[in-house]
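Paired with chain B in one complex and with chain C in the other, chain A is shared by the two complexes that follow.
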Partner chain A sequence: MTNQVATPLYNKLSAAFESRNAADLTPLREAAFAKFKAKGFPSVKEEDWRFTSLVPYLDVDFSVTAEAAGDAGIQQAVDAAAIEGLEAYRLVVVNGRIHSGLSVLPEPDEMHIGPLQEVINTDAFRAHFEAEDHTGGNSFTQLNTAFFTDGVYIEVPKNVSIEKPVHIIHVNTASVPTLFHPRQVIVVNRSAGAVFLETSVSLHPKQAMFFNNVLQVIVKENGECTHYRIQDNAPGERWVHHTQVTQHRTSRYSNYTFSLPGADLIRNNLELKLDGTATESHLYGLYLAAGNQLTDNHTAIEHIHPACQSTEHYKGVLLDNARAVFNGKVFVQREAQQTNAYQQNNNLLISDKATVYAKPQLEIFADDVKCSHGCTIGQFNNESLFYLQSRGIGEESARKLLVEAFMFDVTDKIEHEPIREHLQELIHQKMTAAMAAGA
Partner chain B sequence: MLVIKDLHASIDGKEILKGINLTVNAGEVHAIMGPNGSGKSSLASVLAGRENYEVTGGEVWLDGKNVLDMKPEERAREGVFLAFQYPVEIPGVSNINFLKTALGEIRQHHGLPPLSAKEFLAMTREKQKLVEFDAKLANRSLNEGFSGGEKKRNEVFQLAMLQPKLSILDETDSGLDIDALRIVSNGVNKLRSKDNAFVLITHYQRLLDYIVPDVVHVLYNGRIVRSGTKELALELEDKGYDWLKEELRVSESIQ
Partner chain C sequence: MYLCAMDNDSDILEQLAEREYEYGFVTDIDMEIVPAGLNEDTVRFVSEKKNEPEWLLEWRMKGYQSFLKQEMPHWQNFEMPEMDFQKISYYAAPKKQAKYSSLDEVDPELLRTFEKLGIPVNEQKHLAGVAVDIVFDSVSVTTTYKKQLEELGIIFCSISEAVQNHPDLVKKYLGTVVPPSDNIFASLNTAVFTDGSFVYIPKGVRCPMELSTYFRINAENTGQFERTLIIADEGSYVSYLEGCTAPMRDENQLHAAVVELIAMKDAEIKYSTVQNWYPGDKDGKGGIYNFVTKRGACRGERSKISWTQVETGSAITWKYPSVLLLGEGSEGEFYSVAVTNKKQIADTGTKIHHLGANTKSRIISKGISAGEGQNSYRGLVQIGPKANNARNFTQCDSLLIGNNCGAHTFPYIESKNNTAMLEHEATTSKIGEDQVFYLNQRGIDQEKAIALIVNGYAKEVLNQLPMEFAVEAQKLLSLTLEGSVG
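Take a look at the complex of A and B:
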């Protein structure tokens, strides 16, 4: 236990781990917990956590065991989570467990959906899972591996392409501050295609909650996966999201991460391993941060083989005392000739008390590549503001219009129109609320 | 309609407007000419309420209301419109949504309900025709990638849509070819009425062949140094500004 700050939490975690039933204590979990214990939670001494001190976010007497969920309130929460105009399947996950009763799922031959716990020890799963698992190096993922319950396993069979998005609604029912470890694995097999949208909802918002979520996505040869995540969370919530994607040759993966004001802390680790030639990846992010929120996006794209293409565009708007971190790593290994990697990060500071730390980080070891990156931090353009006002548009509406305009080149990339409209509406609402609170 | 009395304004502590007096009545067109740097755009900016100018003295009244007390958007809602010399590009704000928002806020100010989608569309079509503004441009992002001429025409399109009382056109004719100039001028002439007024800031007498002004003013070094009929514009075209500067220098040294 090297990190003194959260000692009571460590003790609680150790006790909880030891008291698990024997069937749960697989070698995988034991090894993971041992690693976690050796290193502890990350501290600001680690480069990747330099600007994000976890101390204030972990300093809560969290429960470390999930309570059993009753059904009260879940139905309404799930209905409210539906996105207007979006025809989608619905996968309801309550405290990390699939809720079949409320889910509306594709046929099993179109998509296998079940508890991860059920398959994790089968040879078939391990044959490709363990080989694809690169989560070992990170304290949070180790902790997740040690503790996740049930989990979600989704597999799209080869050659099956499902147009209709699967909306995964994560419902959290905890009524006391809890440290949670949800886990999901998605496998899109050869020449298969699927679209996922993740949102989450808490039945008891405004209490301290810590989510340590891990998602692994594997897109096999020539497969295609589009993945949206809307982080519209409640105050008090702290989220550490580890999303790890492995792409095989000629596969396509698009990630859209939208972080809105609400949660106290959002830390997203999005790691792409391009494990085959001629893959295509798109990472789009929007972060709108307000209040005392801290939103931290760490992305890493590893180009290993030739002719892979990655584009990344993250845009942030910061209000009030909000802080944001953007760290975009792109590695291009020696073998990865004809890589095409483009990265862009733009930030708009609306308040002079807001802060952003932005760091593009390109490490290129191949010579025949096209890589570019750009990073801007700016404020409102007063000329634009004056122009809008000079046409009769009030200052507040003008500011909102300019924020929406700033985000436009990312929102415009959303292929599913109802999702785009939903997001634009959310941005509008959050801006209005933040400005009203700030005024 | 517009009464400006002894208006002084400075920027970064440097006085730019040094006592402007100007009265514009409903139904009139005034031209303001003058060499570069004399303060024409500054006057337009101060009237529209640009923040970086500090008004250090004087008054501005629009139909009995104190303009200098109003925020830029309030001035616009009261009927002041500035066609900018250099319109900004705002990527991501659609031209047409922007106009819908602006028109909505102006109408609300006057206690009018918003136009229905159909009414708005009909109005857009009509005004586009007036200034021969390409419908494709109307649906693009505000001025983004527009040519100089397209931007100027968009200013006049907005003017037509918002139907202000007082329109100030800051060198809207500069950089227009003769066809565009004719289109823009025709548009303005059609929009003229006994209830509105225009202030045309221009460098070139050419514009005044198309839009005939009631009064021509010469602004020099922060003051209106001469006012007259449209013949004054012709005289300036012939002789340039040097004779005026010379005359002023002489009269100042006499004082």
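Take a look at the complex of A and C:
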């Protein structure tokens, strides 16, 4: 294969795939890898990667096999990751594997949490797993399907609603640059409800690490799932998240994605397939990017059946040399009458070297719909700034205040008070650090 | 005054005769035609026929060379029809002659359309290719205008004439906005363009009338690969009209025109298009492919370029009139109404590049999809790092009539400057049932009610058209949507 992005890594992966000894899911993995092999890592020639060139992020001699994890330091890291005031279950995942010793889990009849390997050969799981298109257009998903070694499987039984959030803490212990393929599957059964919060921590920050994460969420009839992800990652990390959500009839799904300065690259693919009537979906996103960071959010919502509602609101603030990409796709198929789809994206460019690429996108094939999108790119309102300053608030504080106010539209939507406070605190810290570094 | 390019008078009927009526009209056109096919010799032949200087032939060759190097694009939101560039004849000069002695001989369907558009009888004759009587002497009208323009120093002629009479101007500006290698269709146009318009407005002159191809003599056969070049020198103003509200039937399926606009300091160019080419039959067969490259450059300070388009015809409309805002304080505007009915496809929008400081742009796009039409808005607003205080406002709305059509928006918004302000909003909705009901209640039938609502919806854009055009464009909208409801 010529003209390959990251040829050495590509060759390394090919060799690793040939010599692997995993025996599970072989046909699926082989098909997925064949697809990956044919296309390789996505290049800027692909529309979805137009503004995100992976060349600088893949140009590292990544190890493609994870080293064995010791226990040293994990305990402290996990304790530090806890969110103040949040009463939550704790699921510790070390290098993609569940660490039961440190986890505090709900009762098994409330929620099943276990390794993917355990269920991978059951029919019920296969039905979920294979219903997804593993060999579709996305090279990273294919790569993950081909390579994931173990993952997390969570299933909430029907009619069980757990108020207490499950805090999933991903711990990475690798000390050399590594390419990871973590995988999680969450199934929320009929009329069940659950809340998940994902954060991650690295024991050896400032190392180049590449995470190719795939999460599948299935929310069945009348189920409800709330999903928070806080991306407060360490420098050197590169994340490609693929989140595939399938919603059945009258289900509700809310996604909150918060990307903060730190990681070199954050790419979030969030895809919702509304596979039933009268579903409700909420997508909220915040991205604060600083340094040379590239934050890329791609969301896609597919309305297939009538009377589904989706709202999406992403807000971004860019400092320093940061770049942000936003692409929000909304598809409304012919059958999906009475669709109500709303999308908004607002960007605040604070530094004169920052760049935003926004592309809201609507594709509509039904006529009885209400769809709209709005997108803005701008800067501080000088009048507001002046107003605050005239009341004795210093310029820096005034700017911080305005950024926090700008983000309030989204932070206000967070239902869990401690998570909101935690996030606001994080934003405040990051803004202070970035402004101090910039000054 | 009815404004229209009547370059294809004879073709109008020929098409009609062939396609929808089999009464056996025989169109006997005296043509000088070159065999189908594209190679260096074709390019040389075209150039030689036009008696062009060496530099222009070289420039055409550049276009031909880059045409060979390029592949067909694949990013568009429709399936690209098969196209064989070797099957097109690149040079054909029909000789004009009257086809009919009176209107009675003309196809009644065509007359009915003319009547609905409110076209005066004499012009109907002209459009349909009927021998024009003494009263209506377009040549003398044109001559009067020509004289007036000449007095002001305005050059308005066909581009072949300009090559002969004003070679320096043409050489200086041709291809400076749309280079020969810009895209495959522009390259093709560069290689084989046969004619088009050339306008030069000298410093400080405000063109006293709307310029239109209608007034241009020697305007035959500019259809397929038309090349238009408009230059507005410092402090000048011109409003240019292209196209025609009357149905234009044309046997050339592919239209790959290039339009270049150049506005110097304090100059303003207003370019309006009404396009109503043959959209194909019920199944979308045989319609025109309208693949046009249109771009304007605001070179000087405070210059302004404004595009207004009403697109109702063609099987596929695929174009993005663009503006490069180079001069400080320059301004770009894009107003568009695109209607797709039956199996028509429109993938249109604009590109605005803010390069200079304090530049402003405004985009209003109204898409209307009916029948099985697919309508896409694709736009790019780009703010360069030096475009301080740039300002953009974009609104793109889609209206859906019936549940077999589609509306799509692909706006790209890119900012590299933190002092720029960009706003984009888009909505998609169907025609309000309560509005239709209200009108029905007052005795307005379904079809008229829809037309009324659609016209109201498109008003913001139609208002930008010169007055005579606006009235006709409104009627055209109603006509295009006829039969799409109920």
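Everything that follows uses one rule, which is that the second predicted complex is superposed on the first by the 427 of 439 C-alpha atoms of A that agree within 3 Å, B and C clash if a C-alpha of one lies under 4 Å from a C-alpha of the other, contacts with A are read in each partner's own complex, and residues count from 1 in each chain.
Here, a contact is a pair of C-beta atoms (placed from the backbone, for glycine too) under 8 Å apart; a residue touches a chain by one contact, two chains touch by 3 or more.
Just so you know, these numbers come straight off a predicted model, no measurement behind them.
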Which of the two partners, first being chain B and second being chain C, lies in contact with A:360: first, second, both, or neither? second
For A:383, select first, second, both or neither according to whether it touches chain B, chain C, the two together, or no partner. first
Applying the document's definition of touch, where does A:47 land relative to chain B and chain C: first, second, both, or neither? second
Which partner does A:369 contact after superposing on A: first (chain B), second (chain C), both, neither? second
Between chain B and chain C, which one contacts more residues of chain A in the superposed model? C
May I ask you to decide whether A:397 touches chain B, chain C, both, or neither, giving the answer as first, second, both or neither? first
If we overlay the two complexes on their shared chain A, which of chain B and chain C does A:405 touch? Say first, second, both or neither. first
What does chain A use to touch chain C in their complex? 47, 334, 337, 347, 349-352, 354-379
Within their complex, chain A touches chain B through residues 381-384, 386-395, 397-398, 401-402, 404-409
With touch defined as at the start, can you tell me which chain C residues reach chain A in the complex? 75, 383, 385, 398, 400-430
In their complex, what parts of chain B are in touch with chain A? 48-51, 71-73, 75-77, 81-82, 84, 87-88, 90-93, 98-99, 101-103, 105-106, 109, 141, 158, 162
